[in-house]
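Labels run A, B, C and D following the written order; every chain starts at residue 1.
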Amino acid sequence: MEMHEIINTIYQEVKPLASEGKVADYIPQLSTISPDKLAISINNVDGSCYEVGDSNTPFSTQSISKVFGYTLAFKALGAEIWNRLGKEPSGNSFNSLVQLEYEKGIPRNPFINAGAIVISDIILSNYSNPQQALLNFVKGITKESSIDYNTDVATSEKSTGYRNIALAYLMKSFKNIQNSVEDVLDFYFLQCSLEMSARSLSKSFLYLANHGIVPSTNEEILTISQSKRISALMLTCGLYNESGDFAYRVGMPAKSGVGGGIVAIIPKKLSICVWSPPLNSFGNSLAGIEALERFTTYTGDSIF
Amino acid sequence: MEMHEIINTIYQEVKPLASEGKVADYIPQLSTISPDKLAISINNVDGSCYEVGDSNTPFSTQSISKVFGYTLAFKALGAEIWNRLGKEPSGNSFNSLVQLEYEKGIPRNPFINAGAIVISDIILSNYSNPQQALLNFVKGITKESSIDYNTDVATSEKSTGYRNIALAYLMKSFKNIQNSVEDVLDFYFLQCSLEMSARSLSKSFLYLANHGIVPSTNEEILTISQSKRISALMLTCGLYNESGDFAYRVGMPAKSGVGGGIVAIIPKKLSICVWSPPLNSFGNSLAGIEALERFTTYTGDSIF
Amino acid sequence: MEMHEIINTIYQEVKPLASEGKVADYIPQLSTISPDKLAISINNVDGSCYEVGDSNTPFSTQSISKVFGYTLAFKALGAEIWNRLGKEPSGNSFNSLVQLEYEKGIPRNPFINAGAIVISDIILSNYSNPQQALLNFVKGITKESSIDYNTDVATSEKSTGYRNIALAYLMKSFKNIQNSVEDVLDFYFLQCSLEMSARSLSKSFLYLANHGIVPSTNEEILTISQSKRISALMLTCGLYNESGDFAYRVGMPAKSGVGGGIVAIIPKKLSICVWSPPLNSFGNSLAGIEALERFTTYTGDSIF
Amino acid sequence: MEMHEIINTIYQEVKPLASEGKVADYIPQLSTISPDKLAISINNVDGSCYEVGDSNTPFSTQSISKVFGYTLAFKALGAEIWNRLGKEPSGNSFNSLVQLEYEKGIPRNPFINAGAIVISDIILSNYSNPQQALLNFVKGITKESSIDYNTDVATSEKSTGYRNIALAYLMKSFKNIQNSVEDVLDFYFLQCSLEMSARSLSKSFLYLANHGIVPSTNEEILTISQSKRISALMLTCGLYNESGDFAYRVGMPAKSGVGGGIVAIIPKKLSICVWSPPLNSFGNSLAGIEALERFTTYTGDSIF
């Protein structure tokens, strides 16, 4: 099959599966999304692209944006960021405080909530205008000037995000948050509220697929080594407590968000974003995982 | 640099590092190994090979043999084995009982001790002569007829392996061990006592590097999909609680043992074994990890 | 009300409650007991006694016998036993391994399973004939020569007691069991199989109610201080993870067993045993707790 | 010995022991207290009293004030408060989040921090002027009009009390805090800042020693049953993770604070307060525990 046939086939196959999942409903802004939305968008490093479904509809990136935040923090601090957090899968729920207490305020990795909050703290300490810096970064790598935060989502998450506040204060008690918790979480929730379409998200991850360099502009975002290492982190930690299973079934470095998006890459080859809002019990897009499993099965491509 | 230069360079560079580690000493048979032993052995799927140092000296494979056990169990039971254990990194020490109790006797993955004990139980239920079956399997894929268990090591581990006995009985209390604990552990300890050289180990993992097929004989051990999935498991769970760090620094599916060996693969390309007995605090070969990190850096090859 | 009226009233009131509980059924020997059995037996230190219901029917003392074991170990080793275990409530299920792993094989107190197994180990190291020593002790303080173990119960518990075996091996791995696990558990299960009637049990605890001295014979079993301290342990740890609630509702030092018995004392005054086989979710006699709460309410007597 | 001799003897014996402890230093206001302060103050329910040392010097009551807070909440809500928290010893550190997460935001008991924060929330919902209500309560039972909060201490604790903020938000995420976390903690820290002398504290606990009734005025604060139940809670949970050991060694219901005070009672008899700022590793007054152990040993009085 050719690629456009493959993604059309997958689109048809997984569309009915979405009904087995459940759209995130902890804030009103997320719960009103239609569960029937479905998009698959592929960008090859050679510039070609394929898409099907609602590829051009912006949605809440949520935890997917943690990859952008991590990239900014890593560019600013380099390997020093590992003094503040680890690189191991957590083996626990994405917002658990248990491990964080046993491990004295050092989050397991940058993609669980606690880790992303530390990353936000690092960005606040190293960028004069963090909100603009993140937005400029995403606009720069996608050449899409309309990308923006959804401040209603950010405000709503902040007003109910008690557990994230608890995580931040627990780390503050271990001296692993340097700025005020309020400022850190303001930025953290804003980052999560970033809205992008499957097309933009797929395009935005091309610098990771292409070993650190944006293919269309040749801009070097990261070194090869740094880029490979983010991929490794996504593989071991990108889908919360389902990361091992995803590596097993799909075999691509990826990052998911509770908005229903998953972006995955095959190094030196392509970036793919699937969007389907209903989530499975781990908080990952149910149809999204099914689609990506079919993708590596039908193409025979994965990193393994 | 050509490959033989690369491995000679690495050999020289990491040789002094071994002194920072500590040879396993919980049983006398392991503690008497010279900490100066060092071997690097590479087998390409195209049949070429490279080696340096003590590549032909057999040593205790220990947990590396869990990959062979897992392969046998998987061949016998297929995807049904996932009713008995998981595929997630544990986030805990390799012999912890904590998670096993919370998760009602279902081990996180086949490469922590509890998981390998369940695998042993599965093998006992599905092979009429498990000890011979495992030995025949390893001899078959390496064409080395002298490979054998070290029963002194097995006996000694059994006589002091109280925590493994505790793990087994805890799982038995959750009905996740079907045979007698004594029989299961006898096989488990015997499997760990398997002795192989770096050369044999490197050769033995070629079926995993080659998507399930032994390159020299074209024998299909596993399907492509099965083979890729073991690689994914090795990447996320192969180095105990240092797996995420290893994926980040090295970027190869691998399995380590407390005998000081680590075997890693690059799919469709090669299998590499490093052996250096002194261990770091996670129980992995200290110089072995350094060597493999240099290997992917110098060659520019990794799965990411 | 006079005492005989009080216990008759309580007997009538709690009899219907037993149906809300569930008789222990993990071994056949316990599951066949009639759930309608109910006994209340009181022994005052002045020699008077009151009883109602099935007071003379022997039943399986189970964990209640841990008090006798503890007494023997304490007589042999004195305060040195605190090198082997603690005196704090566990805050966890009676057979949990979690805390035991975090606290390196030192059980929280002598009345959770792990602690009683350590006590059994101490008895084995300090008495030449432990089984006889325990039996003689109980016969001596009750003057009832017919008390005996039920070896069917002991054998059956041993053959299914995988979790207790796991606890013992975990402690052995921390070097907190000195004898062979098999010998220790043989004695542990035998101790739990001791059969006594409510009348005998009530009588047997008089040395604790009477500050260490058997009232009928003036034999000193423990010093005043030692006796008070066992009472403190029973108050804080005697009813598993329901100890705090029992202290709150009832206010007497007590020990329960899954055979449905509970023995409680008021220092310098009396010992009381209630027996009703159906258990609540914590593994304590449901009607037994209700009866004892009514007892301290109706008499106005408790230690507080 | 007569009582005044006993307390003078104890005073001399324990004075040198204080140097083995460490004054709380997490806020400047507590760290400046002289470690040599020592007071013992006894109030009998019959009106007689004895004291030695710095009995009239006010100090920070800290967690001792949780007993007053609990009394107010219990008077307002009665047994309904048990929908919001438990009555079991926690088996964990006084400010741990681990158990709180596993048990879904329901604190183990009212005397660990999380429990006292829930109690503060209940008081806020049930008293129109909580700060005044608590102060009036303490002034009323002691007839000492000069008792007051130390707002410097409260402010300082609030500005560094990140872990308590984390506990509160974690419970808020489980919907077990009804008011704003800021308001709840303002009251919580203010309550902890209450300053009283050993003499006042000893006097203030007489309603608990006297089954709910203030002896000097006959005012009924609690029913007999309610009073006994607070005593039970103090016995099982009053000294953090050292409660079991304290019950074993001392045998009195008691409550301690990191200001170095411990108040204990013998029902129907007396209330005793010891004050010595240096703490042991559990956060309890080191010399205070020694003094109380001697007290029950020399007098032969305890609840057991």
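Note that contacts are C-beta pairs under 8 Å (C-beta built on N, C-alpha and C of every residue); 3 or more make two chains touch, one makes a residue touch a chain.
Everything numeric in this text was worked out from a predicted model, so none of it was measured.
Contact with both chain A and chain B is made by no chain of the assembly. Centroid to centroid, with C-alpha atoms defining each point, chain A and chain D lie 48 Å apart.
Look at where the CA atoms of chain A average out and do the same for chain C: the two points lie 55 Å apart.
We define each chain's centre as the mean of its Cα atoms; on that basis chain C and chain D are separated by 32 Å.
None of the residues of chain A touches two or more other chains. Listed by chain label, the pairs that touch are A-B, A-D, B-C, C-D.
Of all residues in chain B, only 86-92, 99, 108-109, 224-225, 227-229, 231-233, 235-237, 241-245, 247-249, 251, 253, 267, 297, 300, 302-304 touch chain A in the complex they form. Chain C makes touch with chain B in their complex at residues 96-98, 101-102, 162-163, 165-170, 172-173, 181.
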